[in-house]
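Presented sequentially are two complexes of chain A, the first with chain B as partner and the second with chain C.
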Partner chain A sequence: MLEKHLEYLSQDPYGMAREAKQEYLRKCLQDLIIHHRDNCSEYARVLEALAYDDSSAKELEDLPFLPVQLFKEFELMSVPKSAVVKTMMSSGTSGQKRSKVFLDRPTAMAQSRCLSNIMASFIGKKRLPMIILDTELAKKDPRMFSARGAGIIGFSLFGRDVFFALDDNMEIRWKDLQEYIERHSGERIVLFGYTYIIWQYIVKAMQNKKKNMGLTDGTLFHIGGWKKLQAESVSAQTYNQALKDVCGDIDIHNYYGMAEQLGSVFVECENGHMHCSVFSDVIIRDPKDFRACGIGEEGLVELISVLPSSYPGHVLLTEDWGRIMGEDDCPCGRKGKYFELQGRIKKAEIRGCSDTYGQ
Partner chain B sequence: MILMANELTYLAGNVIHNVKPLPPFCDVVCRFLDVFSSELLHDQSCKNYPDITAVAFWARKGNINKWKERTNLNELRLGRGVAFHITPSNIPVQFIFSYMFGLLAGNANIVRVTSKEFSQITLICDVLNKVLNMDEFSVIRSMTCIVRYPRESDYTKQFSEKCHVRLIWGGDETIAQIRQCPLPPRAIELVFPDRYSLAILSAEIVAEVGTNELCRLAQNFYNDTYLMDQNACSSPQLIVWQGEKDAIVYAKRKFWDAIKRLVVDQYDFPAIKATSKYLNFCVNAIKYPQTGQLVSSDNYLYRVQLEKLPVNCDELRGQFGLFYEYDSRELAELSLIVNEKYQTLTYYGVDKELLVKMVLHNQWLGIDRIVPMGRALDMDLLWDGYDFIREMSRIVDVR
Partner chain C sequence: MTNMEKYINAFKESLEIDDSIITDELAFDSIPEWDSVGHMRLMASLEDTFDIMFETEDIMDFSSLGKGKEILKKYNVDL
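On to the complex of A and B.
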C-alpha cells in the first residue's frame, strides 16, 4: 500500500457502496500502476507489450492484469532487494514451481492491518481465546514454512492464549483441548485452520471417536482449496454440518486469499457469499476475450488489492472459476461485490510432441 | 529377457525371443500392413478417431508401394535387429507409426507406449492383436512387443542393453534421461529433440487469392498449428511474410481474418488455454524485449510483430495460437537465426526451388523439411532429417 493511501486502512471494510468504492479504487490503482511501472521493469515491459495507455483506462475492468503464475516465472519486485523483509512462497505441490512474493515492511504491515480490520468486523476488536486447528510444527518447521505457517502466524495475532489442537503427529490433543475449552467457558472462542486439514484431522478423527468439543459460542475461519474435498464429494453444506456436529454451536466462515495477495482476503458471510472488502475487488472475465462479465455470468476470477506496493500483485488474473452474485445488496448487509467460487479451471490435455516421458 | 510381469503390460505381441531381421519392405510386412489397414478402416469404434483413420490410410498397400519406389533401395539390406522405441505421451497414434517404420525397415520392435490411457491406443492394439493372431502373420507376431511400463522402472535400461536401434521421441529432456542407459557398442540411436519450425508466405500471392483458395489456405494453416495446439515440433512458431510493405499489410489482414473465423468455428478453447497463452505472452514479453505489441481482438488469436529477428528466435515459442511475425524483404536474412534446432519450413506462394537454394547456398545447419502449408504434421518415412528405412537397416556390401 502506498503511503498516501494508508489512512484508508481504517475504513469500515464493508461500508462503502459502489460509486464511492469504484472512485477510490480507481485512484489507488492508478497510483499503484504508475508506482510499479516506474519500479519494476518486468511489469513495465508487460504494460508496454499490452500497449496499455493510462488515459484509456476508465473503469477498473480496463486496468491491465498480470497472470498470477507470472510470480512463479520471475522474481517480481518494485522495491530494492535490500528493502525486502519477508519472502512468501506459495504452497504448491512438489515438482511444481512455486510463487515468490517479496514483502517490504510497509506492505507486510498493510497486509496485517488490513486482515485485522477485516477480522474485527466479524469478531470484534477485542482479542479472543483462539484455537488453531493445526500443529504448532507448521509454524516452526522450516519445511512447512510456506503460506501455511505464515497464515497461522498472521492469524494468531488476533487471538490470545493461542492453543494448537493437533500434536506433532497430527493427532488431536484431546485432554488439553478439553481443559482449554473449560478454562474459557462462557467466553467466545475463535478457531482457525485450513479447510482440508480440519476435515482430515479434526472432523474425521472426532467422528471416529464420537466426540464433540461442546463449544457454545465460537467463530471458525478456514482457508484453503476445496479440490481434495471435491474429490471426496464433500459439499460446503456437508462440511459445515459435520463441523458443527463435532465442534458445537459455532459460526463458520470460509475465506479466500492468495499468497500473492495476503491481507485483503475475501470472507464468506452467514449466507455463504464471499465478500470483497473496500480494499479489494473481483472482476470475472470471459476466457474467450477477457471481457468483464456481468452479474451472474461465470468466468475467470481476477482479483484486485490495494495492498501490494513492494511487488506488482495489485491486479491478478487467477486460474479460479467463479461468478459475481451481486453488489451492495447481500442480505447480510455488507456492501461491495459478493461472489461464488467454483474451483480451479481444468488443466488441458495438451497435444503436440514436446517433452513427455514424464507420463 | 527376464521381466517382472507385474510392472510390464503387453498391449500387443510378446517377449521377443529369436531375432531374425527381414529385408526392408518385405512382402509379408507389406501384406500385414495392408490387412491391418483394412481392419482399422472396418472397425466401428476406430471410425470415430480421425487420427486412427490417418494411420489406416498410411498403411495401405498403395501408400507403402509408393514409399518403396521412392526409397529405391539398390543394395542388399536387412533390418538391424531389434528396434526399441520410446514414444511420446501426447500424440496417441505416434507409437504405431514408429512401429510400422521399424517393421518396414525389417526390424523386430519393442515399443514403449505412454502410461496415459488413450482410447486410440487400446483400439489400435486390439486390431493389431487380431491381425497378429492370423496364421500367415506369425512371423510379424514374433517381431512385435508393444509394452507399457512405469517410467521409473528398470525396463528402459534392460531393453536398451539388448537393442540394435533405439528411437527416442519426446524432446531434449527425455533424450538426456534415456541416454543414461547405455546401448550395445554396435547399436545406433535416432533421437527427436525439441525443434523449431517456421512458415513463409508470399504477401503478393496471399493478397491475390480468391475466397475458396483463402479458405483452403486457412484450413491448411489451422491443421499445421491449432490442430496440435501449436505444440508439435513441426508446427510453425514464426510466420515470415515476404513482399513489399503495402502488400504485407493487406495480406496479413486477409489471412488472419480468415484464420480467426476458422478458429472460432473449429478450435476447442477451454479457459486453461486462454490463461496459459496469456502467461506465455507475458513471459516472452519480459524475456525478449525485441517482441512488439500484442495484436489481438480476443483470445483465439494472438499475434506479436518482431521488428528484428532475435538471434535466439528459436526460444520464442507460442502455444494455442500465439504467433510471432516478421516482415522480410529478403529471405536471406533468415541466415541470422537458422540453426540446428530448425526443423520444418512450411511455405505458401513461395517458389520451393528458391527455398532449397537458400538452404544449400547458405549451408544451414537446420531445416530438415520444406513442405507446403498444410503438410507440416504429415508423419512419413522421412522425418527430422532421417530416412527411417536406411537408418534402421544395414547394408550387406556384396562385390
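On to the complex of A and C.
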C-alpha cells in the first residue's frame, strides 16, 4: 500500500456507499497506476501498448487491467529486489506454472491490517480461541511459503491458543480436539480452513465416525473455491448443512481472494452474498469485448485492490466467472457491491487455489 | 530471572537464535528465524511468560525487539 493511503486502512470495511467509494477508489487507483508505471518497466510497457491516458479514465471500469496469468509468465515488481521480504507462490497443481507475487514490508503489513480489519467486522477485535481445520503445515517445512501455508499463518494472527485439528497424516486429532473444546466451553471459537480440505478430512471423516464437535458458539471461515466440490456435486447448501451437522451451532462464511491480492478478501454474508470491502471492488466483463457488464449480467471477474504497491496487482482480470447481484442494498446492511461466483472459465488452466493436498 | 532476561529468553528460545544477534534493532523478517511462523511462536511465548494477551494490532506492530519493549509497557510489564 502506498504510504499516503495508509490512513484509509482503519476505515469501516463496509460503511462506504457508491458515490464516495468510487471517488476514493479512483484516487487510490490513479496513484497506484502512476506508482507502478514509474517503478515497473513491464507495467509501463503494457500501459504504453494500451495507449492508456490518465485523463480519459473517468470510471473504475476504464482503468487498465492485467490478466492474472501474467504473474506466472513474468516476475513483476515495483520495488527494488532488495526490498522484497516475501515471495508468495500461488498453489497451482503440479506441472503448472505458479504465480509469483513479490511483497515488500509495507505491502505485507497492509495485507495483514486489511484482513484484520475485515475479520474484526465479523468476529470483533478480541482474539478468540481458534481451531485451524488443517495440519500444522509450517512445522513440516517452515520456509515453504505456499498460499495454503501463508493463509493459515495470516489467519492465526486473529486467534489465541491456536489448535490444529488434523495431524501430519490428515487425521482428526479427536481426543485433543475434544479437550480443546472442553477447555474453551462457554467461549466463542473461530474456525478456519480450506473449503475442500474441510469437506474431505473433517466433514467426511466425522460423518464416517458419527462424531460431532458439539460447538455452541462458533464462526467458521473457509476459502479455496468450489471446483472439486462441484465435481462431487456438493452445493453450498449441502456443504453448510453437513458442516453444521458435524460441528454444531456455527456461522459459516465462505470467502474469496487471490494469492495475487492477499488481504483485501471478499467475505460471504449471512445471506450468502460475496461482499466487496472498501479496500476492493469487482467489475464483471463480457469476455467477447471486455466491456463492463451491468448488475445481474454474467461475465469474467475483474478484481480491484488498493493494497498492492510492491507489484502491479491492483487491477486484475481473473479466470473466474460470476455476476454482480447488487450494490449498497444487501439485506445484511453492508455497503458496497455484492456478487456471486459461478466457477472458473472453461479454457482456464486448472488451479488448486491453496486447496491442494498431495495431489 | 528479571523480566528483561525473560524477555530476551523468549526471543532466544522461540526463534532459536543466540545472544550475538540480540539488539534492539533486531527486526521482524530481518533474519530467516524471525518470519511469520517464528513471530507467532514468539508472541505465544511472551504471552505465556508474562501472562498477558496481546491485541491483534500489537502483534502486527511488534516489528522489532526494541519496539516490543514499548508494546509490553502497555500491558504493564516492566522490563
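Assume the second predicted complex is superposed on the first by the 340 of 359 C-alpha atoms of A that agree within 3 Å, B and C clash if a C-alpha of one lies under 4 Å from a C-alpha of the other, contacts with A are read in each partner's own complex, and residues count from 1 in each chain.
In the analysis below, a residue touches a chain if its C-beta (ideal position, glycine included) is under 8 Å from a C-beta of that chain, and two chains touch if they have at least 3 such contacts.
Given the structure is predicted, the values throughout are model-derived calculations rather than measurements.
Using the contact criterion defined above for the overlaid structures, shared-chain residue A:69 touches chain B, although it does not reach chain C. With both structures placed on the common chain, the touch criterion links A:345 to chain B but leaves chain C unconnected. Touch criterion met: A:120 reaches chain C, while chain B stays clear of it.
Legend: residue contacts after superposition of the two complexes on their common chain; A:288 is shown touching chain B, with no touch to chain C. Once chain A of one complex is fitted onto chain A of the other, the partner contacts of A:51 are limited to chain B, with no touch recorded for chain C.
The partner that reaches more residues of chain A, of the two candidates chain B and chain C, is B.
When the two structures are aligned on the shared chain, A:150 is found in touch with chain C, with no touch to chain B.
Against chain A, the residues of chain B that register as touching in their complex are 86, 88-91, 94, 114-116, 151, 169-174, 177-178, 192, 194, 227-233, 235, 269-276, 278-279, 281-283, 285-286, 289, 291-294, 297-300, 304, 319. By the touch rule above, chain A contacts chain B in their complex via residues 42, 45-46, 48-51, 66-67, 69-70, 73-74, 287-290, 299-300, 317, 319, 321, 345-359.
Residue ranges of chain A in contact with chain C, taken from their complex: 85-86, 105, 108-109, 112-113, 116, 120, 125-127, 138, 142-143, 150, 153-154, 156-158, 160, 162. Against chain A, in their complex, chain C makes its touches with residues 29, 32, 35-38, 40, 47, 53-57, 59-60.
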